[in-house]
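The structure's right below; bear with me while I get my questions together.
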């Protein structure tokens, strides 16, 4: 397993390199420059040239990549073209917010989603199953910005229970938690439905297996049969979906971050792409890629841990 | 306002506070509070009148010289001593002729002469009437501390090395909030609020909801929210409806193959339905513009040459030009207003038999579309919807249509020598009536070329709690310093 | 006579996947304390179905259309689910026929053996010790290693032994073993037979063994039920089964056993013909089509002929001399 | 000419250890599944492989067809060495396998008909309904089974489908892992008769793995006995059964239950500690249970040696008369 | 030759009330898309700014949008774009994802590593940047949009399939297929695929609304449909900007999205159950 982990890390390094290479290729392709976006006609050619130089884009691509990795190795992800703030600082400010949002949203999804999925299996074919089906599919299909707006309207405007915007005061944990509830719901609700349906699907398949009959034949309580014998197996396919999802929450939460005015990696990267603030784009992509690889590798290891057959297949 | 705190909303975080490199909304609002400028502009609804601010006295000595005396007791923070004319000289001269985006405002600056510890003279290269309102009140007009700036290497970004303004920068939660507190050392007129909290909310919908949830006291709104908000006005609130300096127009590129014939361009001008656009995209809150000079300005043109829509005429012109089955591509930004204009325009043209393909384009690619340094695409660009937050003086808006702007911002390839010479006259002419004639003629030239359709100056809509009285600058940004309690 | 521990009474089970397939047609069986019951019969005649119905864990497609399964007098099939569950594994344990898929593939053997003792108040360590003891009693090498392994890492015979150990964990009163030794070599098989015999001696329970291996029947069982096409066609003491079988099917079966022949025979004896289609079971004797003694009367439903108090046969002709 | 020859085949599977063992290759433990396996099989011959449960028979059978990798040794089939996946792919055209677990080896989402048609279509033969029915009939199942799914079969019925699938293509070599487990004696007889018939008609070779000694005795020409990953004895069937030479073979044959309740055995033929796979006995693998164990058995590994013509035994003390000296 | 399992699956599907509902909904939506010109009361692009954002009335059952176009007609026509794009993109991404996932899970380890590299790299690229780059190379258009969606969705699908394939690759029945000489494609498609398809089938049907929304999001990068062509996604976005003025638009466009997802999801689940022989007939207890 450790050798597998080592191989996986080596692979991750290669992936990072490939991703950055692709990013540089894209920078080369995509039209537009930061000065024009920010200033429109006031962007003087001198200013444009200065920014291009500041972003290092006047160098040959090989040099750019080499510099990027050499600096990144020393913890320097470059500086923002405008504010000249280190990109790493911006990432480190935005990242915890997004991570928190993602993790909380995912916890909703995991707790609610799995519960709904399991309930649907337990009550398979009954009205409850069907009602849960309707609810979870509706969760999936209502776009998150619509959810966000209505949550805002109900809980912040009408009821005034929760704050409408922001991520809470720094250092004030209760206010941060309050500020997290609505956005995490808006992000998580689709996932709730998603997980509920997936768990139901894989559980149904497993509940028909012989070993479930064995577990029942030993008089195991139905709860144990469902959770330990069926769910444990059923969760395996959902793990890779969750991992890919958590990886993409970094960038897909933009809409919700916008509506709730929360800072975050998604906003950072999307904003930087649209503003052609390439040092921020590059630094953030390196960071998010590393994070994504971490998550997906952890997921791979978790799958291998949960399913010994996968472990053996990978050990070969 | 909650007690002594003013809470306003901004649409994006700031990036750079150094006047030389500042770019956006908050970049400019903050220095307006924490730095000092010689003059200050009043509310745009009151005609952008200027008043001395950092200068206790400021006046034209002759058409190329402005003399000023700094207010008594202006002190830099962080122990950098009093504000001096030396600082003024440093602040202005570092921008003039530099690569700064605001260099154009100081194009006519020759130098600043220091007279004594509090007074100096601004020397211009030639007479330039609008200097007082174009250059001095904001952006490059903000005075920074020479000693402090040189100490940090000649420029700074997010942290001003020395401040001198009614407020001090107190706290920053990135992408969330900026807090300013009253500067105890400020000797000028005291601001009405001890604290200003600026909340960063990108989305207009969200901002409106947040306002209703009492997250702040003042916010700009989306134009299309006006009807609903008027119908159900939140308690204790006041709505601001005004004309902004943001003007919007359609570019018809005379250089593009199918548009080379002026009759085709005119056909488009005739087929354009202004009423539908204003109603559909602006909820009828704007009136048709007659050019790029704001209607609030005394220099504004009385009317368009083509005042009424005439589809038959358009068809006739097309037939005359021998054009049929005309298909044109319209480049338009992706915001909902622009897209609404584009679609209405598309329908207008369809009535005249012209097919319009709308090409929604995000910002950066949009700017590249007409940029001669980004390939040859700008030559064959056909139609584009443009808008731009203009200045106060007509020259600030007309400058973009000069021949040397072709391939930069003059996407229409509008190439008029007469226009250029009128522009130069307009810069130096001091007589208001003559200036008006010059500018009106310039706009006539633009329209007659068939290269432009003037759409409107966009309405400015904002809402605020009735217990405050906001002040809004010509660029649409609020000026927290001048807000008062009502 | 004491009340039987287990009594299966005229059980009818139908599979509904493909039309209706009558897997059990009025099968009855009794087992008393201290007995080892053998069940033999044609492959596909419903033995496993019978076994699964003892703990009411038939596949979803199966339906009990009539009959009862009484454990100590109470009909299991109509007990509330919770009561059924508390019987399972504790009073009635089951060794399923297919040991390959009987275990959860993602839990270690140890974890599963611990879970199976969920009703026991013993500590975790005691339960582990119990599992270890039983694993070595069924002849598993390295019980400790086995506890840490996953089902797919064990050989067929090993899984079968683990299944036997699992069934014995809670000292069940009734042990239903569906072909428990098919994957075991004969030395292991002998060891298991010894184990089961000891068990019967110690616990006064009943053991039901389903097997095709007549040697196992001879070694282990007291009484035997012979099944054919969903019916019990003969019930006999083990000695009578081998030495005085009365139903023609039983006779043919015994005659086919290669265990009888010491020398290699190129052609092994078989029972010619096919088992009847259980979707349209014959109204008369199900074996008639293959029976050397068949007569026209066999087209009528055969009577259950009581040959002795311990032997019955479902045959028109069993009444006469064998 | 031999059809299949195996030399020195061995397989070790790594055992999962903790972190430390992964870092230190020396501490890394592996399970030896089998080792030192050598034998040959001639065309038309049936080799019966019997032995202790868990001794590696199934794994060996899979290794012969390249379904499981080996760590050491060579396999020759039809004179060709078989090493790479491509080698084995060609080999599998001439071989067939019946799996120990009948139900699990049938693809669960296919109908029996589709499963039976599969070997035919794979090898480019037509598979009309009549042919499928014929295949089913051969193993004693009615034609309507073609529409059933594997989980709808009883254990024995699934086994018969496996047999039909294996025999469909008239392979040269059939490896049968417990081909008759779970079948009643009559069906078992039918299957074996069918196999014998094919063998004589088509000169098939079989490697039959079974715990059913009576059946092995009837169908095989030679038998091989396996114990804890080693072949301990190989020899012609009749003499081997009559007089097994290895002490394990002796106890194995003595343990066979007889189909007569009057001849019940009261004692076990083989006792002693079942050896651990982790600490497999050095030297002789049977030492821990051998009634005749001597000091040398704990120090020197015995080799498979020819004691009398065609009879090979892996024991220091084996003697042609069967007595252990 | 084929065995009559298919008609049986269909019957099983129809007998399951949820599956039937899915089938009906999907059929209705497809019919709606096909017969849009017959069904729509108005020209979906005819605008009348004087009648903008009207509440539902007899003339306009679902009201009008911000340019005064009839919402109902736009939704009926919008089904065309929404369904074509979603179905093509999901279909393509699903098939490629399945194929690559199977290969990664079943093939040699080095191939697995190479594919995982591609999946992870693709998944790491920021979507907007990626989309912008692809547009620059291939030019704008629906094809490009579909390509973007396909490329960004493949990794998720492939990883799901890969993980499941890994746990089945040495199952007995796979070995049995190898032993009878089944080719790798055959094993992948005939034997592994049906056993790993269940969860993916659900995910695919649930991703349909995601793609519809993505189409609207990307159409602002000049991908996908050009204005004024209606699609559910862009109606929803229009609705979003007008949400406080009139929520009819969001609700009117949201409802068919929810219904279509319900349809596809239940059809997907129903199909999966129907295709699984163990569920086809087993009635719940």
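As written, the chain order gives the labels A, B, C, D and E, with residue 1 at the start of each chain.
FYI, a contact is a pair of C-beta atoms (placed from the backbone, for glycine too) under 8 Å apart; a residue touches a chain by one contact, two chains touch by 3 or more.
No experiment lies behind these values; they were computed from the predicted model shown.
Q: With one step meaning two chains touch, work out the least steps from subunit B to subunit D.
A: 2
Q: Using mean Cα positions as chain centres, tell me which chain lies farthest from subunit C.
A: Computed centres place B farthest from subunit C.
Q: Of the pairs B-E and D-E, which shows more C-beta pairs in contact?
A: Pair with the higher count of C-beta contacts: D-E.
Q: CA centre of subunit D versus CA centre of subunit E: separation in Å?
A: 49
Q: Just give me the whole-number Å value for how far the CA centre of subunit A lies from that of subunit C.
A: So the centre of subunit A lies 54 Å away from the centre of subunit C.
Q: So what's the Cα centroid distance for subunit A and subunit E, whole Å?
A: Between these chains, centre-to-centre, one finds 21 Å.
Q: For subunit A and subunit B, what's the span in angstrom between their mean Cα positions?
A: 38
Q: Touching two or more other chains, which residues of subunit B qualify?
A: Subunit B, residues with two or more chain partners: 205, 209, 362, 365.
Q: Considering subunit A alone, which of its residues make contact with at least two other chains?
A: Correct list: 30-31, 149, 208, 236, 274, 307, 309, 312, 316.
Q: Enumerate the residues of subunit C that touch no fewer than two other chains.
A: 17, 59-61, 98, 100-101, 105, 152, in rising order.
Q: Along subunit D, where are the residues that touch subunit E in the complex?
A: Interface residues on the subunit D side: 62, 65, 67, 89, 92-93, 95-97, 99, 101, 104-111, 113-114, 117-119, 121-123, 127-129, 132, 146-147, 149, 151-152, 162, 165-166, 169.
Q: For a test of understanding, state which residues of subunit C touch subunit A in their complex under the given definition.
A: Subunit C reaches subunit A through residues 52, 55, 57, 59-60, 85-90, 93-94, 96, 98, 101-107, 115-116, 118-119, 150, 152-153, 166.
Q: Which residues of subunit D touch subunit C in their complex?
A: Its residues touching subunit C are 50-54, 56, 58-59, 100-101, 103-104, 140, 142, 144, 147-149, 151-157, 159-160, 178, 181-190, 192-193, 196, 211-215, 217-219, 237-238, 251-252, 255-265, 268-270, 274-278.
Q: Can you check the complex and tell me which residues of subunit B touch subunit E?
A: So the residues of subunit B in touch with subunit E come to 205, 208-209, 222, 224-225, 227-229, 276, 279-280, 334, 336, 339-340, 342-344, 346-347, 357-362, 365.
Q: Write out the stretch or stretches of subunit C touching subunit D in their complex.
A: These residues of subunit C touch subunit D: 15, 17-18, 40-44, 47-48, 59, 61, 97-98, 100-101, 136, 139-142, 145, 154-158, 160-161, 179, 182-191, 193-194, 212-219, 221, 238-239, 241-243, 252-254, 256-261, 264-271, 274, 277, 279.
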